[in-house]
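Following this line, the structures themselves.
Presented sequentially are two complexes of chain A, the first with chain B as partner and the second with chain C.
The block that comes next holds the complex of A and B.
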């Protein structure tokens, strides 16, 4: 009976299954399977070639050792600072330029978007060079200002803040692009009406731009949070997680544990934790989508 | 609406924005002109804001001392190969999700939306083990195949096919054109703008996909791609030939800048198509 109905479904839908098969098979093998594999691996301790089932010991280790906790804290700190900055300045920049002459708008967009397209590797290399305390431009500027030469890339207090700023400059273009596209679509009458009523730009922001671009804000929040969570290249090429693990992120630690310390159990557990954080974002995404749908009805 | 009747606050904020724009492209300027300086001039203080003298030495030595041609070839083949694959996989799945009725459609679409937010980095270790165990490490298969199922691509293509009215398919069906034939004969050509956006975004994504390429490369420098090649230059060395490193970095950055300027229109379209429709 059961077989019969499956056969019937197949017969009715075979064309659609053929069309979706490449995507389904590829994501099953190269995404779903590794995610499950990662969860299984996280329950084993596979250091030194042996594979011992240890239950949740790897997780216990993560939540009891300072290095791991620090990496979680740093990753969350980056998400909690970079993402709001991107949203606030994305809105401010887009809202200040969107109603100007098109050439100016696209000029700004291009300048800010170039660092987004250029490989993070290249951007990191050049920042690494500019900020080098011995050979970089920063030495020249500190000398000009009559300051002591400072190693901004290994400062206990400030290096993480510096990374917030660098990540910000690497991603702001994406947000400005999205907000400008959205704001240009807002009806001209609405904006003109605000102006005629004597509304300042602040009023325009408060009552038109911010509320009407809310779906974009949600989108930027979710995608940028997901992107910031996996921060790796910048850390690998600028600070190597230092000084004293102050800039070690979850992704950087995952890489270190997996490919340099061959401590795959702990690395997998970090991956699972990151997956769970991503699932939070996914849930948030579905809630916001449902809300938009309900509003559309 | 133009600049002249903007308020004072507006003027100040736009002035700051222009400053920030200059600041944001300065590193790229510094990289490009650095690649035309002699290595000793690059680290000179006070710096030369324009190369003095100009030289092509760095570019010559990248090609002479490193297998840079292999890196370029690898990056080009991998990026375009993956992009073509992504388009085929995404267009067919996106078409089915938009224009066909089948059991499991809702689940599949939810899966696409959910997996948009699951970056590869999270499961990179088990994925790496998988690729090693099937013997793909270092091969083109290893570079390309794990990147073919791109949820964003499926999502983008579904959105594009959604804009094609169902009546066209109905009309074609009455004329005896099946769904599959419709896809190849009319669907793909109609989705050209979407496909263009997807190709460009995929090429950029894969060109810059450092971590996976780093893991998939073998110890043979000839198997590197451009981003892997540059990071391996002078790795763990005290003496760094910055000129050479800059030249290699320019080789990595320049092709994408050209693609960006040539196809700017597609960018805005593709990126906002992904966002605006939720």
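The block that comes next holds the complex of A and C.
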């Protein structure tokens, strides 16, 4: 009886299945298969010419060596700092400009979006040009002013904070753009009602903009958490993971293990851990959102 | 009917996808397995002269990968001559020349995708790592045909467990390159030898008390700097290793690292850091790479930089072409003060040809034939030798008169050292040197702590190679 029902549903919706089939097949081949392949690979060691099954030894290595643990800590630190900053400032900037004259909104959007459309490589080179303590722009001006040169890229206390700032400036444009688009779509009557009731700008933020842009916040959280976790180019070009692994992230170490040390087993294990961390973050965000929605109901 | 066919195709697609997901990697990848087998077989019974009948029937195309700093026409001419000589067999070679900094990435990717080339022209110290991984063919039979003519130091360098895995094509001493024009402008003319090819031998005291401070004074108020240090990555790491020996310290002993235990090595690192803190080198040592400082030297932003003969010749060629402004570029040795005496040192690189076990017997046979042909073709062998220093006495004798640099370099042979210590896994130990140098230069660790931590990590790597190397345990 149940089989009959499934057949009936399939027959009824066959066009829909046909349209989604290419995506399903392609994602199975290029996403699901690599994920499974990566997991299987993480259980092997191929450094010495043959694939030797080592069970979870690659994972044990990751959780027992300081360098790997430091890279996990750094990656989580970046996600925990960059993503909230992007959401908070994205909301604040978008909330401040969305109801201004269109020309002004466009101008701000263009200025903030330029770093997003410029290649990460170019942006990293520009930052290097500014910050380099020997040949950089800051060094030039400090020299002209007779001041001491500051080497922030080599400073073990500040390099990671600097990285947070750079990632923030590179991605804030994307968040502002999404929030502005969402806020422009909010009914003007709601905003007018808030004003008529004597609500301040903060009240508008608190009771209209933040609640109504929640879907955008979830989207920003998921995409930016995933992108920040995969940060590579900036580190490769600015700090190369240094000084002394202080800015080494999981993605950077994955690359080093796979392409510099030929340890594809360990590299795959790092990849699997990154996948699990992303999955956890997304699941956590969805659960908390669902709870908030249920509370509101 | 159409619906059923479509459903069937989709279902098949999913089944195939899931089946592929469940695939387990092969227990043994072809190159490695046959590599160790081939090595074992060749050790037991070295091949005799390969006759034409043993060569594979063509056409066979092989890939030649190289990261040599060499005029590309030397390579293309060699390939053209080989292809012409073996036109009847239909052997062809596809060249892939890339920067040394790309080598590890390309080879690692090729191992994973099983697309390794059959021929690799590179430095021995990097190729040795692939030998331990079972990727390089034993070519003792080929190397032995030129053993009498090849310098013993070159021949012995390329041996592992008594077998040869590379035939040397040229060698290059690594020390300092300096801008004699900037020296003279700073009033340091007495430190520039009259003979433009003579390798300058300064003392540690000269460097510390006269040369570097004078240059620093000359460059005051500019972004230029006297001498380059760099610790961003392992590119051109030999230079920093050279300096770590400036007070007579040792890095290796008995096949293991002793960098942290040798007080002279620790003292050398302390001195290097004090030079940087005093403004005698660039300030951004932690984030500077060997490649970048080379470019800055060519743009005359620094007076002294690391360099080997290949850099010297390629810089001269660039000046001739007009790619960079001409200046009086010279070579100097690394000053050393040991046991109360001033001396000097230079590291030696051997560059040569290795046959890679890519799992394709025909390609391996043609690659070996190329090496055999190369060793018999005097003109090509000489062209390679002229890139830096020849590995063969016959080539040196024939070219010495026209190349006065060779005579001067030959005088440096007693000062040359093996920066790898001959330890298995040397290339992988480098991954731990630069983070520790960064820690020392950024003040996070003392020189002693940094070198001690490096020693511990390096010895762990060496032990891993000792335990797993396919040629040491094969």
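Some observations on this one:
Convention: the second predicted complex is superposed on the first by the 246 of 297 C-alpha atoms of A that agree within 3 Å, B and C clash if a C-alpha of one lies under 4 Å from a C-alpha of the other, contacts with A are read in each partner's own complex, and residues count from 1 in each chain.
Definition applied: a residue touches a chain if its C-beta (ideal position, glycine included) is under 8 Å from a C-beta of that chain, and two chains touch if they have at least 3 such contacts.
Keep in mind the model is a prediction, meaning the values are calculated, not measured.
Judged by the touch definition given at the top, the superposed model places A:135 against both chain B and chain C.
When the two structures are aligned on the shared chain, A:256 is found in touch with chain C, with no touch to chain B. In the superposition on chain A, A:245 contacts chain C only, with no contact to chain B. When the two complexes are overlaid on their common chain A, residue A:111 makes contact with chain B while staying clear of chain C. A simple residue count on chain A separates chain B from chain C, and the partner touching more is B. In the superposed model, A:51 lies in contact with chain C only, and not with chain B. Of the two partner chains placed by the overlay, chain B and chain C both lie in contact with A:264. In the superposition on chain A, A:151 makes contact with chain C only, not with chain B.
Contacts of A:13 after superposition on the shared chain: chain B is touched, whereas chain C is not.
Residue contacts after overlaying the shared chain place A:41 against chain B and chain C alike.
Overlaid on A, the two complexes show chain B and chain C touching the same residues of chain A, namely 17-18, 29, 33, 37, 41, 135, 139-140, 143, 258-259, 264.
Contacts from chain A toward chain B in the complex involve residues 9, 12-13, 15-20, 22-24, 26-27, 29-31, 33-35, 37-38, 41, 92-93, 96-97, 99-101, 104, 106-108, 110-115, 117-123, 125-127, 129-130, 135, 137, 139-140, 143, 169, 172-174, 177-178, 181-182, 185, 200-202, 215-216, 219-220, 222-223, 226-227, 229-230, 232-233, 237, 251, 254-255, 258-259, 264, 267-268, 271, 274-275, 278, 281-282, 285-286, 289, 292. Put simply, chain A touches chain C in their complex at residues 10-11, 14, 17-18, 21, 25, 28-29, 32-33, 36-37, 40-41, 44, 46-51, 132-135, 139-140, 143, 149, 151, 153-156, 238-245, 256, 258-262, 264. Of all residues in chain C, only 3, 6-7, 10, 13-14, 17, 20-29, 31-33, 35-36, 104-105, 107-109, 111-112, 133-135, 221, 223, 225, 231-233, 282-289, 296, 301, 428, 431, 434-436, 438-439, 441-445, 468-470 touch chain A in the complex they form. Considering their complex, residues 1-3, 6-7, 9-10, 13-14, 17-18, 20-25, 27-28, 30-31, 34, 42-43, 45-47, 88-90, 92-93, 95-97, 100-103, 105, 108, 110-111, 113-130, 145-146, 148-149, 151, 154, 179-180, 183, 204, 207-208, 210-211, 215, 227, 230-231, 242, 245, 249, 252-253, 256-257, 260, 264, 267-268, 271-272, 275-276, 278 of chain B touch chain A.
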